[in-house]
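Please find the structures below.
In the two complexes that follow, chain A is the common piece, with chain B as its partner first and chain C second.
Entry: the complex of A and B
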């Protein structure tokens, strides 16, 4: 059974991404959205945490939320996939459950 | 596929109501079904028809209402959360002796059972909030 985890808070504000990556099982999908997209940027102190997560789960980031915060996709950590809202819907369909880490 | 959407955050607060709106819109445009949109906690504030944002800003309440109109969405507001925050329909105004109502006609007030039913009837429950 595969789960799509959504994380919508910055790793500098809450530890929801840390909890999510700890509990997500091998092969799960994690979508970073809203302020959660800050974790996807290369060069921050959260980078090592996210890179470790990439070994276990697929990590996606919501493109419109990256753009809304004034960042370009070339700032993202390698290995993170960018999706739009339609891609978010596809992820929800392709996984058996959606778990929001609010 | 059948979706249920739960929104726990009010409009113009952070981003949850906007994210939920764009997700729901894309679900519908892809041909999936939305069984119900359930507004819970501060999410009930998405249902007041008295909202008047500046003209150059998005109108979160009307945007939900327009989507509901187009796709015949069932948009339900939690009654206990609504009472606490002063979201009132005709029935609640009468029951609690209030002198006004403020709910947008595209929304309806009902109980938490509606959320449970939506979760059971749908293939996916997607939650947006703070």
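Entry: the complex of A and C
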């Protein structure tokens, strides 16, 4: 069963991403959205955690949420894929289920 | 009429858009500005994300309230502080933040940017000096 995990909380405020990466299975997909997108920023204290995650799961970030918060793709950790809302729908369809880490 | 002037601190610790806290804080600051109190705005933890420049919310269908921060000087808000450690932990520098100008209407003195990055000891000091701290 392939799962799309969604994380919408800041990694500096909650442990949603940490738990998600801990329990997600090898090869799963993780989409960072809303305040979860801050985890994708290069140079932050959450970078090592996310980079470790990239070795286990595919990590996506919702572009409109990055833009809303004043950032561009050049600030993101390499290896993270940016998707738009249509890409979000594709991820939801391509996986068997969606699991939210609130 | 002599009025008691208190030192108010607005303590902002949340990122914008994900929750309503940042916007609510800004609204209260603007309402509070009508009461001629001494106001400090403090941004720590994820609150520093509120001041990131270049926010564009067109894609998420929410109001972009970040331009309002640049008008705070016009509301007699003269002191805006950002915790240096919080910035560094998020991979940010002051260059990532908006600049907020202030002009003293009496002396015509202009300050180009009242956003000041301070260390933890200064944050502590400013909190201790405050009569009231509003948390958001």
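Observations
Everything that follows uses one rule, which is that the second predicted complex is superposed on the first by the 102 of 102 C-alpha atoms of A that agree within 3 Å, B and C clash if a C-alpha of one lies under 4 Å from a C-alpha of the other, contacts with A are read in each partner's own complex, and residues count from 1 in each chain.
Quick note on the criterion: contacts are C-beta pairs under 8 Å (C-beta built on N, C-alpha and C of every residue); 3 or more make two chains touch, one makes a residue touch a chain.
Quick caveat: nothing in here was measured; it's all calculated off a predicted structure.
Contacts of A:34 after superposition on the shared chain: both chain B and chain C are touched.
Once chain A of one complex is fitted onto chain A of the other, the partner contacts of A:63 are limited to chain C, with no touch recorded for chain B.
Look at A:23: by the touch rule set out above, it reaches neither chain B nor chain C. By the touch criterion stated above, A:100 is placed in contact with chain B alone, chain C being left untouched.
The partner of chain A that touches more of its residues, comparing chain B with chain C, is C. Contact with chain C, but none with chain B, is seen for A:45 once the two complexes are overlaid on the shared chain. Contact with chain B, but none with chain C, is seen for A:88 once the two complexes are overlaid on the shared chain. Contacts of A:12 after superposition: chain C is touched, whereas chain B is not reached.
For the contact definition in use here, the residues of chain A common to its chain B contact set and its chain C contact set are 8, 34-35, 64-65.
Contacts from chain A toward chain B in the complex involve residues 6, 8, 33-35, 64-65, 85-86, 88-89, 92-93, 97-98, 100, 102. Partner chain A is touched in their complex by these residues of chain C: 14-19, 45-46, 49, 52-60, 62, 64, 66, 89-91, 96. In the complex of the two chains, the chain A residues touching chain C come out as 8-10, 12-13, 34-35, 38, 41-45, 47, 63-65, 67-72, 75, 84. Residues 1, 3, 8, 14-16, 19, 22-23, 25-27, 29-30, 32, 124-130 of chain B are the ones that touch chain A when the two sit in their complex.
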